[in-house]
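Shared between the two complexes below is chain A, which pairs with chain B and chain C, respectively.
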Partner chain A sequence: MATLTIDGQLITVPDGTRLFDACREARGEDLPHFCYHPDLSVAGVCRLCQVEIEGLPKLTIACNTTVRDGMVVQTRSKRVQQAVQQILEMHLINHPVDCPICDQAGECGLQDQYMAYGLYESEVAKADKVRKAKVQVIGPQVILDQERCVLCTRCVRFCDEVTGTRELGIFNRGDRAEIGVAPGRRLDNNYSLNTVDICPVGALTSRDFRFQKRVWLLRATPTICPGCATGCNLRADHEGGRIYRLVPRRNDEVNGPWACDLGRLSYKDIHAESRLAVALARGEGGLESRGWQEARAELFGLLKPGGVAFALADPRQSLEELVLFKRLGLRLAGEAQLAGGIAGEGMAESDGILLAADRRPNRQALRWLELPEIAPARLAETLRGARGTLLVFGGDPFAHAEIAAAAGRLRVVYLGTHLNATARAAQLVVPLAAWAEKDALWVNGRGRIQRGQRAVAAPGAAREDWRVLADLLDHLGDSLDLPGLAAVRRLVAQELGLADLDVLNRLPVGGLQPELPAKAPTQGE
Partner chain B sequence: MSRQDCRILSARFGRPDGHRLAVYQAAGGYQALRLVLAGMKPDEVIEVVKESGLRGRGGAGFPTGAKWSFVPKTADQVYFFVNADESEPGTFKDRYLLDYDPHQTIEGTIISAFAVRANLAFIYVRGEFGWLVDRVQRAVDEAYAAGFLGRNILGSGYDLEMIVHKGAGAYICGEETGLINSVTGTKGQPSIKPPFPAVSGFLGKPTIVNNVETVAAVPWIMLNGAAAYRGFGTEKSPGTKLWSVSGPVRRQGVYEVPLGLPFREFFRDDLGGMRDGEELKACIVGGSSVPVLTAEEILSCTLDYESLQQAGTMLGSGGMIIIPQSADMVELLKVLMHFYWDESCGQCTPCREGTGWLHRVTSKLLKGEAVAEDLALLERICDGMAGLTICPLADAAVMPVRSFLKRFRGEFAARIHETAAAGSPTRWARGE
Partner chain C sequence: MSYKGLPEVVTRRRRSFWESAYFVEICKGLFVTGRHLVRNLLHTGEMPTVQYPEKRREYGPRFRGRHRLMKRADGSPRCVACMMCSTVCPADCITIVAGEHPDPAIEKFPKTFTIDLLRCVYCGLCEEACPCDAIRMDTGIYEIAADNRESFVVDKEFLLDNDKDGTL
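Let's turn to the complex of A and B:
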C-alpha cells in the first residue's frame, strides 16, 4: 500500500495504482482528460490531467504516473488550473463549436471541461481555424467529423487493442493530423459503436442515433442485452416510450465497458411494425383482435389439463417466466410433452470478444431448470399424430417448416411479442412485453443472474409475461399467491434450491453467480 | 596548444579518401577497438567514458557514461542506436563526421555498443542525406569485411551486427523515442516516458540512443584516456565540440574547438568576423531551438554548457546561426515557426495546436495584419505549450518566440498594424 497526499488529503491506495485513479478517489471526481481510458493503453497526448508533484520541477500527467509512498500532489493549485485552462484552449482553437447540431452536445468532454476550466473568450477568429473534412462515412455504423476531433486516439487504440482489427490510424502530422481509415478499409467490426461511446467529443457519431434526440431529453434504464449468452450490461436511453439507443454499462465480470453492435441495435426489434399490441383470435376472416377479457376466456378454454399436446418455451424468456412456464407445462402437458426451446436454434460462432456462440440470452436457465430443448425433427414427429392444443411461449417454432407442417391439426396458442409464422398460424395470440418492457432476470452462459429493468411500457394491450402465466396457474388451481415480482422471485429461488429465498430480490448491480445445489451443474457457454 | 592540436573529431577531415577504411586505419583507426576488445570489460569502458566527462552532443548535454549505466545489468537484449537524423536548423556537424570520416563513428559505435552489451546497432541517417546513407553503408560493409563487425569481432567473442537505416525525413524522428518508433515501423513520433528507452526502448528492450558526435569521440577517449580528454575544455564541460556555423561571417563551416573558448575569440580568429558591410546583431548558438542572444550577450560568453546557460541560452547541438543587423527578426521568427508547425508530430495537443497558432500569429505580424495584443498572445500561447508535452518539440518552438520577443521586442512592436486594433473583422471574439 502507498500513502500519499492529494490536495492536502491523506489517501492510501494499493501499490501500482495509477495516480490518475488515486486522484479520482481523493477528489471525488476525475481529473480533466480526453485521452485516458482505463481499459486502453496510456497515450498521454491530451495533456489535460496535469498535476503538480512535490519535488518535480515540471507538471506531470497523472495518467502515466504510478503512485509512490509519500508523494505530495496538488491537483487544484493555481499553476495546475492555469495549465489546464491553457491546454483546453489549445483543444478548442480549431474546434468548430457546432454544438447546436452536434449529437455529442450534453455529454461532451469539451463542453464539460470548458464549463469547469475554460470560460474565456476565444482568441482565434473563425476564419483562422484549420478546416478539415466533415460527415465522412467511415463504416456501416459510424460517421466521422474531423473538425470536432481532438485526436485523443481512443478510437485508434480501441481498434488496435480491443478488437485487434486496426482499421483506424492517425494520418499526417502537426495540426494537419487526422483520424482516418486505413486505405481500402472501413470501420466495419462488430464493436465499432464503442468508438462512438469513447469519443470524448462529437467526432465519431452513430449513424443510427445521429440527429434522433438531444441527449439531455433521454432517460436511462439499466438493462441486459438479449443478443447472446454473454448478457452484456446495457443502458437503454429512452424518451416517450421509445428507446433511442443502447449503450454499454460497465460490468467487469461480464462485458467490461463494451458491448457489440449487434446487441446495441437489438432495440430495433422492440419498435418493429410486427409487434403484437392486441390479443388476436382466429375468426372467420383469419386473426381478429380481441379485448383482454375475451381473449382470457378463450385462453382458459384452450388450455385445459390433458388437452395440451405440447408446451414449448424459448430461451429468450426470462428466468422467472421459465420457472412459471415449467410449472404450467407440467400441469397442462406433462413432463414428456414439455420443452424449453428448439435445439440448435440461435447457435453461431463466437467472436472471441463478447459475442457468444449461443445467441440466446437465457439458455443457461433452461439447464438449471432441467427444461430440455427438443430437435425440430423430434418435435415434428411428436406433434404429427397429436390432438389438442400446442402451447408456444415465445420464439417462433413455425419458422421451421417441418414443425409448422406437423402441427397442422393442432390448435396453437401463442404467447409472444411479434406477429411471426407461429402467431400467424395460431388460434389465439396473447401479446407480451419484450425484454426491455419488463423487469426480468437473465442467466448468462457463465451462470450469472442479472436483472434488466423496465425501460419503456409494452405497446397497447401487451402484458408482462409473468402476470399472464401466474393468472393461468391460478386459474388451474395452482395457488401460488403471487401478488408481485418479489414473490415470483422467491419462488424462483426456491426452485433453484437457493438457501436465501430473498436473494434474487436483493441482486447486486453487477448480478450474482450463485452456488447451486449439485443437481443443476453450471455448464460452459 | 595550437588550435590544430585540438582536432580530435575532425583530425581527418579533408584528407583524400578519408572515408576509406585503408586511410582510416593508416591514421590509427580501429586501434581503440583492438585495445578495448583485447582486455577491457564493458563496465570498464563505461567507467572511462564517465571519467572523461563526455556529454551528449545531440543537444541535451546529458552525461554519456551515466546514460549507459542506466541499462539494467540483467537485460538479455540491448540495442544501440546512433542518431544521425541531424535536422535541427543550423546544424550540420554530423553530416561532416559521416561524410569525411564515417569509420570514426563506426568504431565509436562498436565500442559504445560493447559497453552497453548490445549485439545490434543501428545508424539512423536523416532521410535527406541520401548520398550519405550510401557512404556510411559502404564503410559498414568495409568494416564487416575487415572483421570489425559481425560474429566474434577480432577473436574477442563479441558479436555486433550493424544496420544503416535511412529515415523518411521528419525532424521529430531525431527525438530518441521517435527515432526508435520510426525504425520499429510505427508512426515516427515520440513515446510517452516513463519508461525511458534505456529501460524499455526498441522492441521493448533497453536501448541507448547517442548522437553521432558523441560516439565519434569514444575511440579517441579510449586510446588516449579520460584524463587526456579532460585536458581540453573546462572542468564541467570537458573535451572539444564541433560548431556548425552559418550566417554572413567570413568563414562559415564546421569547426572543432575546445569547450570554454571565448566566443569573441572564435568569432574573430576562426570565423574571421562578419563579412564586409555586415554587423553582428544576434546569435542563435546551439541550433534553432535555443534562445537567441544579442550581439552584446554572445560576445561576453565562452562556448561551453555553463557560460551559455548563464547567459540564458543553451549549447544545444552547436548549430551556430549568426544573425546580421540587416536581418528581419520578425521574418526570421516566422520562418522558424513555419518549421516547427510543419514538423510537429501532432500527438500532444499543446504542440499540435500551439505550433500552428504561433505560425499563424507570426505570419500575421509579418504581413502587417497583427494587432497590439498579438504580442501578448504569442507569449500566452508559449505558456500553454512549454513543459506540457511528451517531447521537447513544443519547448523548442517556445524558446525562440520568448527570446525573440524579449530581446527584439522593438522590431516586433514596429510591425503592429495600428488600424487593425480599431475594427479588424478578425477580432470578432473581443466584441470590438
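Let's turn to the complex of A and C:
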C-alpha cells in the first residue's frame, strides 16, 4: 500500500495504482483527459492530466505515473490550471468548433473540459485553421471527421488491443497528422461502434445514430442485450417512446465497457413495421383485429387442459416468463408435450471477444428450468398426428418449413411480438411486449441473472408477457397470488430453489451469479 | 396569526347615504363618460383608439412577430438543425427533423422544420439560442389568424418565404 497526499488529502491506495486513478478517488472526479482509458494501454498523448508533484521540477501526466509512498500531488494549483488551459488551447487550434452540427455535442470531452479550463478568447482566426476531410465514411457503422479529431489514439488502441484488427492509424505529422484507415481497409469489425463511444470528441460518429437525436434530449434506461448468451449490459437511450441507440454499460463481470455492433443495433426489431400492436384472430377474411376482452375470451376458449397438443416457448423469453410458461404448459399439455425452444436455433460462431456462439439471451434459463429443447424434425413428427391447439410462446417455429407443414391441422395460438410466419398461420395472435418494453430477468451463458428495465412502452394493446401468462394461469385455477412482478420473482426464486425468495427483487446492478441446488447444474456457454 | 401593526380584522368602509342612494354616483359616472365623448369629438386626432385595420399602430424594431427562417445566398435554409431552438423553446413548439446534406461543408440540414404557432409564446428564446442567425422574429407580423388549427402549424417552406401578409 502507498499513502500519498493529493490536494492536501491523505489517501492510501494499493501499490502500482496509476496516479490518475488515485486522483479520481481523492477528487471524486476525473482529471481532465482525452487519451486515458482504463481498459486500454496508456498513450500519454493528450497531456491534459497534468499534475504537480513535489520534488519534480516539471508537471507530470498522471495517467503514465505510478503512485509512490509519500508523494505530494497538487491537481488544482494555479500552475496546473494554467498548463491545462494552454494544452486545451493547443487542442483547439485546428478544431472546427462545429458543435451545432456535431452529434457529440452534449457529451463531448472538449466541451466539458472547455467549460472548466477554457481560455474563451481564441488566438487563431477561423480562416487560419488547418482544414481536413469531413464526413469520411470509413466503415459500415462509422463516419470519421478528421477536423474534429484531437489525436488521442483511443480508437487506434482499441482496434489494436481489443479487436486486434488494426484498421486505424495516425498518418502524417505535425498539424497534418490525422486518424485514418489503413490503405485498402475499412473499419469493418463487429466492435466498430465502440470507437464511437470512446472517441472523446465528435471525430467518430455512428452512422446509425447520426442526426437522429440530440443527446441531451435522450433518457437512459439500463437494459440487457438480447443478442446472445453473453448478456452485455446496455443502456437504452430513448425519447418519446422510441429507442434511438444502445450503448454499453460497464460491467466488469460480463462485458467490461464494450458491446458488439450486432447487439447495439438489436433495438431496430422493436420498432419494426411487423410489430404486433393489436390482438388478431382468424375470421372469414384471414386475420382480423380483436379487442382485448374478445381476444381474452377466445384465448381461454382455445387453451383448455387436455386440448393442447403441444406448448412451445423460446429462449428469447425472460426468466419469469419461462417459469410461468412451464407451469402453464404442464397444466395444459403435460410434460411430454412441452418444450422450451427449437434445438439448434440461433447457434453460430463465437468471435472470442464478446459475441457468444449461442445467439439467444436466455438458453441457460431453459437448462435451469429443465425445459428441454426439441429438434425441428421431432417436433414436426409429434405435431403431424396431433389434434387440438398448438401454443407458441415467442420465437418463430414456423420459419422451419417442416414444422409449418406438420402443424397444418392444429389451431395455433401465438403469443408474440412480431407478425412472422407463425403469427400468419395462427388462429389467435396475442401481442406481447418486446425485451426493452418490460422489466425482465435474463440468465446469461455463465449463469448470471441480470435485470433489464423497461425503457419504452409496448405498442398499442401489447401487454407484458407475465401478465398474460398469470391471467391464463389464474383462469385455469392455478391459485397463484401474483399481484405484481415482485411476487412473480419470488415464485421464480422458489422454482430455482434459491434460499432467499426475495433475492431476485434486490438484484445488484451488476447482476447475480446464484449458487443453485445440485439438481440444476450450470452448463457451459 | 397576526402581523404587528396590522389590524387583525378588516372592517368594510360603510357607504355614506348619498353613495347608497346611487343616483348621485350614476350622474358622476355619466359625467366622466360624457367628458371623454366631448373631448374626442372636439380633438379627433388625439383619440387613443386606432381605426384598425385601416390604420395600424407602429411597433418598435425589436417587436417579436411571426418567425421566419433565413436563407443562404443560394436560397437554401441557413439552419443546420442543431436543435438549440427546439431545446430552449419553453412551449415545445418547434419540431425539426435533421438530414444529411450532400455537401460535406454543410453536412446537416433540416429536412422538416415546423412551428406550431398556437403553442408559441413569442418569447424570442429561439432567436437568441440560434448559433447561425437562422431563425428571426423580425417580420413584425402579429395578425396570425386562420379558421382551422392545422393551418397554424407552419412548415419550412412557409417560414423561408414568410411575407407580410398575415393570412396563414
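Please note the rule applied: the second predicted complex is superposed on the first by the 524 of 525 C-alpha atoms of A that agree within 3 Å, B and C clash if a C-alpha of one lies under 4 Å from a C-alpha of the other, contacts with A are read in each partner's own complex, and residues count from 1 in each chain.
Following the convention adopted for this analysis, a contact is a pair of C-beta atoms (placed from the backbone, for glycine too) under 8 Å apart; a residue touches a chain by one contact, two chains touch by 3 or more.
Computed from a predicted model, the values in this text were never measured in an experiment.
Aligning the two structures on chain A places chain B and chain C side by side, free of any clash. By the document's definition of touching, of the two partners only chain B reaches A:Ala177; chain C does not.
Of the two partner chains, chain C is the only one touched by A:Ile101; chain B is not. Shared-chain residue A:Arg214: touches chain C; no touch with chain B.
In the superposition on chain A, contact is made by A:Lys134 with chain C only, not with chain B.
In the superposition on chain A, A:Val42 makes contact with chain B only, not with chain C. Ranked by how many residues of chain A each touches, chain B and chain C are led by B. Chain B and chain C never share a C-alpha pair closer than 15 Å once the two structures are laid over each other. Touching of chain A by both chain B and chain C, each in its own complex, is seen for no residue at all. Note for the complex: chain B touches chain A at residues 170, 172, 187, 189, 192, 194, 341-350, 352-357, 360, 377, 380, 383-385, 387-390, 425-430. Against chain C, the residues of chain A that register as touching in their complex are 98-101, 105, 134-135, 210-212, 214, 216-217. Residues of chain C touching chain A in their complex: 80-84, 87, 98-100, 104-105, 107-108, 131-132. Interface residues of chain A facing chain B in the complex, by the touch rule stated above, are 42-47, 50, 58-59, 64, 82-83, 86-87, 89-91, 93-94, 121-128, 130, 150-151, 153, 169-170, 172-177.
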